Amino acid sequence: MPASTAGFALGEMLAVLLARDMADGEKAIVGTNSDIQVAACNLARQRHAPHLWWVSGPGGMTNPTEGVVRPAADAENIAVAQAVMDLPQMIDFIDWKVHFFDFAILGALQTDRFGNINTVCVGEHARPRLRGPGTVGISALCGLSRRFYIMMTRHDRGAFVPRVDFVCGAGHLEGGSSRTDFGLPEGGPRLAVTPLGVFDFEPASKAMRIRSLHDGVTLEEVRDNTGFDLLVPDTIPRTTPPDTEELFMLRRAVDTTGVLAAKFPWPRAERKAVR
Amino acid sequence: MPASTAGFALGEMLAVLLARDMADGEKAIVGTNSDIQVAACNLARQRHAPHLWWVSGPGGMTNPTEGVVRPAADAENIAVAQAVMDLPQMIDFIDWKVHFFDFAILGALQTDRFGNINTVCVGEHARPRLRGPGTVGISALCGLSRRFYIMMTRHDRGAFVPRVDFVCGAGHLEGGSSRTDFGLPEGGPRLAVTPLGVFDFEPASKAMRIRSLHDGVTLEEVRDNTGFDLLVPDTIPRTTPPDTEELFMLRRAVDTTGVLAAKFPWPRAERKAVR
Amino acid sequence: MATTKQSKIVDLDTALSAVEDGMTVGIGGWIFHGQPMALIRGLVRRGARDLRLVPAPGSVAPDMLIGAGCVRETACVFISFEHLGLAPNFRRAAQSGTLGVLEMDGPGIAGGLRAGACDLPYGLIPDLGTDLPTVNPQGYRKARIQEGGRPLLEVPAIKPDIVLLHGQQADEEGNVQYFGSGYFDLLMAQAAKHVICSVDRLVPASTVRHNARLTKIPSAFVHAVVVTPFGAHPGCSPGLYAQDEAHLAAYVAASRDQASFDAYLADHARQAGGEAAYRDRIGANALATLSAGGAVP
Amino acid sequence: MATTKQSKIVDLDTALSAVEDGMTVGIGGWIFHGQPMALIRGLVRRGARDLRLVPAPGSVAPDMLIGAGCVRETACVFISFEHLGLAPNFRRAAQSGTLGVLEMDGPGIAGGLRAGACDLPYGLIPDLGTDLPTVNPQGYRKARIQEGGRPLLEVPAIKPDIVLLHGQQADEEGNVQYFGSGYFDLLMAQAAKHVICSVDRLVPASTVRHNARLTKIPSAFVHAVVVTPFGAHPGCSPGLYAQDEAHLAAYVAASRDQASFDAYLADHARQAGGEAAYRDRIGANALATLSAGGAVP
């Protein structure tokens, strides 16, 4: 776990890391229970991507902003949104259309070497060891958006497994060109962001690779907590932590009530360091 | 043409005749340019069918009522409607669903012996003698509603032809069981209302039959103005004209600005009698 | 789908008498938003059995029916307690194998409901490379026609026998208004054979007409309306009251085993006095606080 | 469908530079409601050629393009002047055989647009026993799979190169609001490769957020917004101004033959000065009267 994280919470850091990768004019979708995603999109709009467009998947509100991170489906978002779409019409571009969304940001029970996503079950589907919530839009967003992000608030061998027990969101499937060979459009996971680092996918093999490790995180620590062999670059960069301006904007314009800090502190071992 | 029509306009009479046939709790749809249809539905709601439900096909407003007959698609109907639906969702029940609507009321360039409807063209489609507006929802409403009404403001051999030049709304097709043989649901035209009379369809042959003739209209006159042999009952009833209460309700609660009288007077020959 | 001629406002038991054991029951709302909980508690009280659920992404509504033993099989698009964790009774039943789970995703339920609403035999959706067709082969089959450059699946039409929804207010004629989003509710209503809506408030027809844009379920799609104030509790009723975090936490705690959950149901669903007794048990100040937004500063 | 990074507000000619000869052009609105007339006049002025139209049920918009010789072929769901009679230029061109007419109906355009919006190769619709498949065999083909108890047709996906729409107001970001109904406009925008909206008013972002429910075309679906006051004239812009009955009657009269209609176009579309000159020609009092509801008592 990161050594010097004092000054910001895990949720704040993840929001900042995700926001940095968003470009102006892009289109995104945010599901339920997505505080970090909401904050990341609104932070990007406040900083470098003023025309980023995001929609609450279930609620249909577009670009709601009032400086408070609310659940994306919450009715209070209507008063601060640019539009409210009805889900039966939204399904056309959520569930069917190729590359309508530039990106989605998804959490998971499990992800794997090729960035496939599982929120359905651990173990056999018929008698699972752990029954998860299910798939909802994950299949479509992983399959149809131009790219997606895997956002994990835990990084351990339970979450990072060699092969997910159930593919409910297609990443790079078996790696290589297997995704497009199957007939899915170009896309797949671009980054995974976790409490330990940022990870991308090597262009040829599509296997997960270390892109940067957070301050104080060792290669050994990441390897110990990952259930498959990560690709390791020759030199491992350090993640650039959230800077003063990013944190100021996040707390002053996006998350003024501190939802991220309250809900997503650093995992237990690091709490003392953070506070 | 009717002899004693003094006291009400053609449009008013047609609205009253149609309203009488509607039952409480039924569901109906009204298209553009449908003043008589709007008035008929609202008259039925005012009188014997308070829970009749009708929707503006294009505009999505349900049960708009303010005592003024406005175009069904008009935005001013929103302020007096119970709901405003979006067309992309309405298409599911307009264009696909079997028997969602109890009835629709449709005009036509031509209708025929079996109540088929044509609003597309007179003559060959590739080089028509008269190019009509087209089909829009007529195909679906004739094909899918439990019944429909043919509402004609003219009754002559140009409009009542042996066989329509283009079937854009299926009535009883070739008669008999040909409609259901084709695979369409039970339904088809129930009545045709015209300046001369009310017509229904004989249950076995499904051929058009005189149900009643308006006051002063002779059998010869109807035959002269109909391009096919109408079935004639042994005794021909007289249409019960709009009564005082119906006209009072129509003018006092439904069409307070007299749209029907202004737009749908009796055809020219009878104007003197009407006024 | 037939319409009735009288007022559509009926009491809870009259409305629920349309639900027969073994029926396919759709549930509207979205996770903790607009779950038709009074109707769900009513089904538990009536001892419904062998239901086949088709819930929109939900939480306590499907979870309670499953925990109460009313359900033979459920479709699962998403059943979650969000920040409160996994749906406890659904989880236990699924893990023990006592509950049939038809795994579904957004495209599957959307395509199936739309086909149902349209009286089409099946809907066409993209094959997204997931394991869903493997575990739910009757719900997802390889499309017989493959064209257009991507693999396609067919999903059979979904036509629930009954759909249970919750709106904020309705008029006598049965026009149901939502202060928040409509989610899948209207699509479910269009696909269903029979639609029961609970609402928190009965309002005059003029109130409905005052803002027709809020009417998400027009009366033509509604067969029965049940007026049940706080009928979405412990979930939220958008614009009227917040979800009851304390009660939901207590629900999760009570769901630790079947005996404990049975005790919860005895007090909160099967008790004499129905919804009135339920509201008394939750308490006036708790409900008032939820009406104030969830916390009285 | 790509989004741009700058403000989406552009001038009329910049917006229309995206329209190339031979393209498939969708037109929104409904008969006299919300026809994007300033955009249509702009296309006439630019001398667009060989367009393939896919108009929603319309009136003067498709009729003017046809009368101006811009159109090779049009889909026809419904082209009507309602109480003013048949669409005069459409009628003349169709009757003379100089215009290709792809006969369509509601299910055909709805199924085709939805398939286009969904990137599906075709849509499935019921066979309603009409003559449409006979005269438009490429638009309606017997479905290869027949099941479910009624005959089915397949309609190919419709994906217009350009769609032209008219709303009442928009913000800089390109959120387009409608004071009336949205008709097929959003479905068309979802199916299109490029969407141009004219609006009567440019408003601050806060005005749009004040009533987000009026935003029928969210900015993600809009590539260019052209601010053209009275841009729906001589049709109506719902909530802002009525249709101009006198002008429409004059239009019909001017459409009696091609020479006469060319003279109309010379004065009302091809004149120097574009829309500003057009508004001058219509006249301040005429426009003011339409803003007052169509008749000043």
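Note that the chains are named A, B, C and D in the order they appear, and that numbering of residues resets to 1 at the start of each chain.
Criterion: a residue touches a chain if its C-beta (ideal position, glycine included) is under 8 Å from a C-beta of that chain, and two chains touch if they have at least 3 such contacts.
Note that the coordinates shown come from a computational prediction; the quantities given were computed from them, not determined experimentally.
S.K.: Chains shared as neighbours by subunit A and subunit D?
M.R.: B, C
S.K.: Using the touch definition from the top, list the chains contacting both subunit B and subunit C.
M.R.: In this structure, the chains that contact subunit C and also subunit B are A, D.
S.K.: Decide which interface, A-B or B-D, involves more C-beta pairs in contact, and give its chain pair.
M.R.: Result: the pair with more contacts is B-D.
S.K.: With chain centres defined as C-alpha means, what is the inter-centre distance between subunit A and subunit C in Å?
M.R.: About 28 Å separates the centre of subunit A from that of subunit C.
S.K.: What whole-Å value do you get for the distance between subunit C and subunit D if each is reduced to the mean of its CA atoms?
M.R.: The computed centroid separation for subunit C versus subunit D comes out at 40 Å.
S.K.: Averaging only over C-alpha atoms, locate the centres of subunit A and subunit B and give their separation in whole Å.
M.R.: Computed value for the inter-centroid distance: 57 Å.
S.K.: Listing for subunit B: what residues touch at least two other chains?
M.R.: 61, 78, 84, 86, 88-89, 96, 98 - these are the residues of subunit B that touch more than one other chain.
S.K.: What are the residue numbers in subunit D that touch two or more other chains?
M.R.: 114, 119-120, 126, 150, 186-187, 213
S.K.: Could you classify the connectivity of these chains, where an edge means two chains touch, as line, ring, star, complete or other?
M.R.: complete
S.K.: Quick one: which bits of subunit B touch subunit A in the complex? Just the residue numbers, please.
M.R.: Listed in rising order, the residues of subunit B that touch subunit A are 86, 88-89.
S.K.: Within the complex, which stretch of subunit A touches subunit C?
M.R.: 32-33, 56, 58-61, 71, 73-75, 78, 84, 86-88, 91, 94-96, 98, 120-121, 125-140, 142-144, 166-170, 173, 179, 182-185, 263
S.K.: Can you tell me which positions in subunit A touch subunit D when the two form their complex?
M.R.: 24-27, 51, 53, 55, 61-62, 78-85, 89, 92-93, 95-98, 100
S.K.: For the complex, give me every residue of subunit C touching subunit A.
M.R.: Touch list, subunit C to subunit A: 30-31, 33, 57, 76-80, 82-83, 86-87, 90-91, 94-97, 101, 103-107, 110-111, 114, 125-132, 135, 149-151, 179-184, 186-187, 238-239.
S.K.: Under the definition above, what is the set of subunit C residues touching subunit B in their complex?
M.R.: 1, 3-5, 114, 117-120, 171, 173, 175, 186-187, 190, 205, 208-209, 212-213, 215, 218-220
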